[in-house]
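These are the structures, in structure tokens.
Below, chain A partners chain B and then partners chain C, in two separate complexes.
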Partner chain A sequence: MTNNPFPLSRDQLLAAYRTMRTIRDFEERLHVEFAKGDIPGFVHLYAGEEACAAGIMMHLTDIDRIASTHRGHGHCIAKGVDVHEMMGEIYGKSTGACRGKGGSMHIADLSKGMMGANGILGAGAPLICGAGLAAKFRGDGGVGITFFGDGASNQGTVLESMNLAAIWNLPVIFVVENNGYAESTSVEYATAVDSYVDRAAGFGLPGVTVDGTDFFAVYEAAGEIVRRAREGGGPALLECKTVRFFGHFEGDAQTYKAKGENDFNRANRDCLKIFASRVTAAGVVSEAEIALVDREVASLIDAAVESAKGAPLPTPRELLTDVYVAY
Partner chain B sequence: MARKISYKQAINEALDLEMRRDPTVIVLGEDIVGGAGAPGEIDAWGGVLGVTKGLHAKHGNRLMDTPLSESAYIGAAIGAAACGMRPVAELMFLDFMGVCFDQILNQAAKFKYMFGGKAKTPVVIRAMVGAGFRAAAQHSQMLTPMFTHVPGLKVVCPSNAYDAKGLLIQSIRDDDPVIFCEHKALYGAECDVPEESYAIPFAEANIVREGKDVTIVSYGLTVHRALDAAEKLAKSGVQAEVIDLRTLSPIDWDTVVESVENTGRLVVVDEANPRCSIASDVASYVAQNAFGALKAAPQMVTAPHTPVPFSPVLEDLYIPSADAIAAAVNKTTARALAA
Partner chain C sequence: MTPKVGIIANPISARDIRRVVASANSVQIADRANIVQRALAALSACGIEEAVMMPERGGIASHLLRSMERSSNQGEARFPRLGFLDMKVTGTVEDTRTAARMMASAGDVAAIIVLGGDGTHRAVVSECGAVPIAGISTGTNNAFPEHREPTITGLATGLAAMGRVPPEIAFAANKKIEVSIDGGAPEIALVDVAVVTDRFIGARALWRPETFRELYVAFADPEVIGMAAIAGLVEPVTRAEAGGLAVTLAPAGQGAMEVRAPIAPGLIETIGLESWRRMPAGTVHRPSLAAGSIALDGERELFFDPHQDVAITLIDRAFRTVDVSAVMRFAARQKLLVGGLTAARPLENAHS
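After this line comes the complex of A and B, so read on.
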């Protein structure tokens, strides 16, 4: 029996890897399929940032709520939203998570505590304060997590919400996924502080910055922050410094990036490679087990794409339903 | 047992009754307790005009003062609604929508549809509307049309204490987001209101005066101006029917159309600015759906296309007056009188 140096069991490690691999393959496949022209609208891919979603969401259950972003596929998968329903939604099909009425930017599954991807930057922060308030009134121990990028970190909604969460001592966590780019604009240009921990301090919140490509760093920091919030210790901020393998949206030529930047990140800052090499080097998980997950995920994504492509479109009457619960 | 209470007391009573009935009802807003953390009385204000006064003593921390952060607390109310609560958030003045509209327009209004029918957002946003308080351009607007334009929102604007109580109770029980517009000039207006709880269904307009010659449609404060105009017109032999819409989205088209089919004439009175207003909406609906019944072109009596002015002499000119309404009625009857 190999000694396990990690804070997760072998099964948990494989589950974490499966989540990250599912996100990666989902996004890589969308990159290919989008170029074929079958997918309507905008698609913002999360590839490169998988360790953030997986490392945080492993601490949550369905009673915990998250508010996501336009770059939300990874959060959905890590929170347990069905991959077939997600793919169906992205193709605009009636089998989608939102019956084809939301699209990539609005995938939600409230039964899983997923309050929606969001096309408005920073909009999730006030909403998650409401989720935290509801959990506090119910006393159910639930926590709320809002994700936002370095770009949306400069929205007034985020700043107002940090203050509100602080004064009401809400079980809410602000996660900055700092991938260095607000669309095309660099974080160095657009954000006045060097560290989001400094900004959190301005609101009286504890904050921590971690390497968002290191699953274990995210997992451990998130574990402490989530535990504290669950026990009534109040809100906190977690900054994950991460990388975005693709552009802001599909079709972005990314000429604002440095030459070779994506190749460098894929070679040196790929959270899946880093994770797999650590757990296999420690002898806790074998390369064969990793390869098995890879094959299983590949067929899951194949099946999701095939079923989404073949799924029925919404019927015309769907245009007029679901505006109100009752009018 | 009915007794006379004010519009303001009726709103307070509706909140009290619903908070007693349903533990998921919470109330939040700026100064709604009115003294949180201050050295004096914790509920010194009970809302900037005292509408929620006394509720904190009855319901404790289910009423919460908020920081001056409309985006954060209106959004929090919406988020809590999506998580099973029934929050009533007070925006104080509806004019403040400008600093939190995304949460209403792109979040609350969209969840149900955008998530394929799987979400509900039973939030009420209470706010003061209307002119007459010498509060000038940023605290006096009738912004109802900005909200009726948005699918997914319901918009309510009571004209009296009885309706205020019954419509607020309905708004809190409703599973959709409701913008509940309280006309600040009506807070002191009293009428008979039952002590017990009752809900007034949405999209049921109230015929507040019957008449056979012309239909005057309005809501909020200007219902009273329309009644004053009808009183004057009666002296010259014109019998005006006055309809109080009560809810603007959903709206009771049937009552409006039936009345116009009886009278053949329509005057719509709206304190909002004229372009894309409730007035233009009602006039166009009637023109499209009851054209054959019309004996004259529909008339609109609205605020001018200006911000609300400060100086009392100008503000009084801004709000549709009984004289202006009577003049509009006379325009619709002029051809008949000339004939």
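After this line comes the complex of A and C, so read on.
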């Protein structure tokens, strides 16, 4: 194919699809496995929101840091955390990314710049200001990105961090993944300043809203915002309007959603379907290539679940190892 | 009963990438509510007793209702009765289209005040039929709505809606450009249609001149911002005259000439230009690019593949707008807003 009309090469397009497919299959599989009762703690699934993580993380390297949320599996995968280690962690096994002591909401891998999922809403925002300050002092061109939901956007920590990032001109990006709900509370009810772009404007930061189910919209906007931050252009906010296919956590009866809402979203707002149909219709990637990625990802997830189930639990003697870190 | 005035205020305009790739600002939600309030006060001053508004969940209505309640608590009756259309809110541009359609079919809406950028105005025009619109700019690319204090737009709309100004003075005819792919239902642009090499919609806005190939404009004013500025700087075309302009673009350095054009707020780019020619109404133009996307009023909206047929046609006298400046000049001449207990007259000669 000589004429590629997309802002990514063919290989990059396939890589983006692979990331989104890996996240989707990872989450769909956890949905099934969690119901069997072998997974400790809570899991919050990211299915439906894949284009946000993939579209943003395509612009980052390992020197760039992210601070994630309670719904963090997609961020981890897109940032390059090993899928086997993630699955091991979620099963609480010693093969996990944090040796099985963190679980779903505390997966971290500093070697990949993934500073951690986080069970505390809005806690990633101050952390990423620290990462941004470090990058600025080092002068290495690294950026920091904090993800938070529409609900977490109302945490004081997020607002304080926007102020801090603005006055110190940090290479920090605030990404609101607006999936319309915080647990069961709708965003319209809970947010007094109705636009995140207005909110950013209140701190003098530019803000952009994009359709978070369109990979290309996220990719393009994130590309400009990340470049700007790397060049010293300062912090910005990106709102991705997205959808969550599952409940808030596994086991949520979702009585607050409209009848047919999930089916509608799966039929019309599935970022993987939208992406695949666009790149195949343009003739840049073939349907066979998409199908091959699907098969490879399916076997990766099978293998990850298999090995996580078979892996040993941490022993009582390891109770205090890897828990506190001395700097 | 006096005629109603419709109000469509879009809470989601001016949120796109131009805040980062250019220096576009955004009118905050509370300010948009305040603008509606100013326009409502003006409508009431002209005798309009009822206004009907598009419902939304972006916060404009809730701000507005709070402040109208405050003012009625204080015993002020400065606003028309405000009703909301009974429609499902989706939070997308579909709401704007639905509202415009409902206002047009209601039969008692004499004019629609629109708050938004070119995109919002385009959505209203696609559905409002013969009902005239009065635009107030709160979007990013504002080549279409004129910049003016909303109170004045409200006064002019109120006077026109009340029939106090003859229609041939109160309302102006406007052009539009239709784009149809494979003979399907046309999409429209009010200002410009750009053909670019991207084959995806992405972040919608246009800011990379190397992708620009063709441009069709309904009017080209050297004072406007956006793609139409390119045409406006080589051959201005007014809103009122018949026909538009078709311009062949090229990547900078590859065209016959170059123009430095303000394609977005604070963003002045060098654009390569091959040639341009008048675009008479009713003649179908077909892009020479085999595949790409089409931006309507500065936002990529459609993409087309090599096997598809794209038809671009300018339509004269396509829809009506309230001619605010003509109405206000008429109002002054005819003393429409002037009254008095005694017959006051201007001093004819201060010295006599």
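Structural remarks
Here, the second predicted complex is superposed on the first by the 319 of 327 C-alpha atoms of A that agree within 3 Å, B and C clash if a C-alpha of one lies under 4 Å from a C-alpha of the other, contacts with A are read in each partner's own complex, and residues count from 1 in each chain.
One rule holds in what follows: a contact is a pair of C-beta atoms (placed from the backbone, for glycine too) under 8 Å apart; a residue touches a chain by one contact, two chains touch by 3 or more.
What you are looking at is a predicted structure, and each value in this text was computed from that prediction instead of being measured.
The superposed arrangement places chain B and chain C next to each other on chain A without a clash. Set side by side, chain B and chain C differ in how many residues of chain A they touch, and the one touching more is B. In the overlay built on the shared chain, the residue A:Pro5 is in contact with chain C alone; chain B does not reach it.
When the shared chain is aligned, chain B comes close enough to touch A:Leu127, but chain C does not. When both complexes are overlaid on chain A, the residue A:Ala221 reaches chain C alone and has no touch with chain B.
In the superposition on chain A, A:Gly96 contacts chain B only, with no contact to chain C. Taking every C-alpha of chain B against every C-alpha of chain C after the fit on chain A, the minimum distance is 25 Å. The interface of chain A with chain B does not overlap its interface with chain C at any residue. On the side of chain A, the complex with chain B involves touching residues 65, 67, 96-102, 106, 108-111, 115-116, 118-120, 123, 125-131, 133-135, 137-138, 144, 156-157, 160-161, 163-164, 167-168, 321-327.
On the chain C side of its complex with chain A, the touching residues are 11-12, 14-17, 19-21, 25-26, 28-30, 57-59, 62, 197-204, 291-292, 305. Within the complex, the chain A residues that touch chain C are 5-7, 188, 193-195, 197-198, 201, 206-210, 214, 216-217, 219-221, 224-225, 228, 236, 239, 278, 281-282.
Here chain B touches chain A in the complex through residues 24, 26, 62, 64, 66-67, 69, 71-85, 87, 102-103, 106-107, 110-120, 151-152, 154, 174-176, 202-203, 250, going by the rule given at the top.
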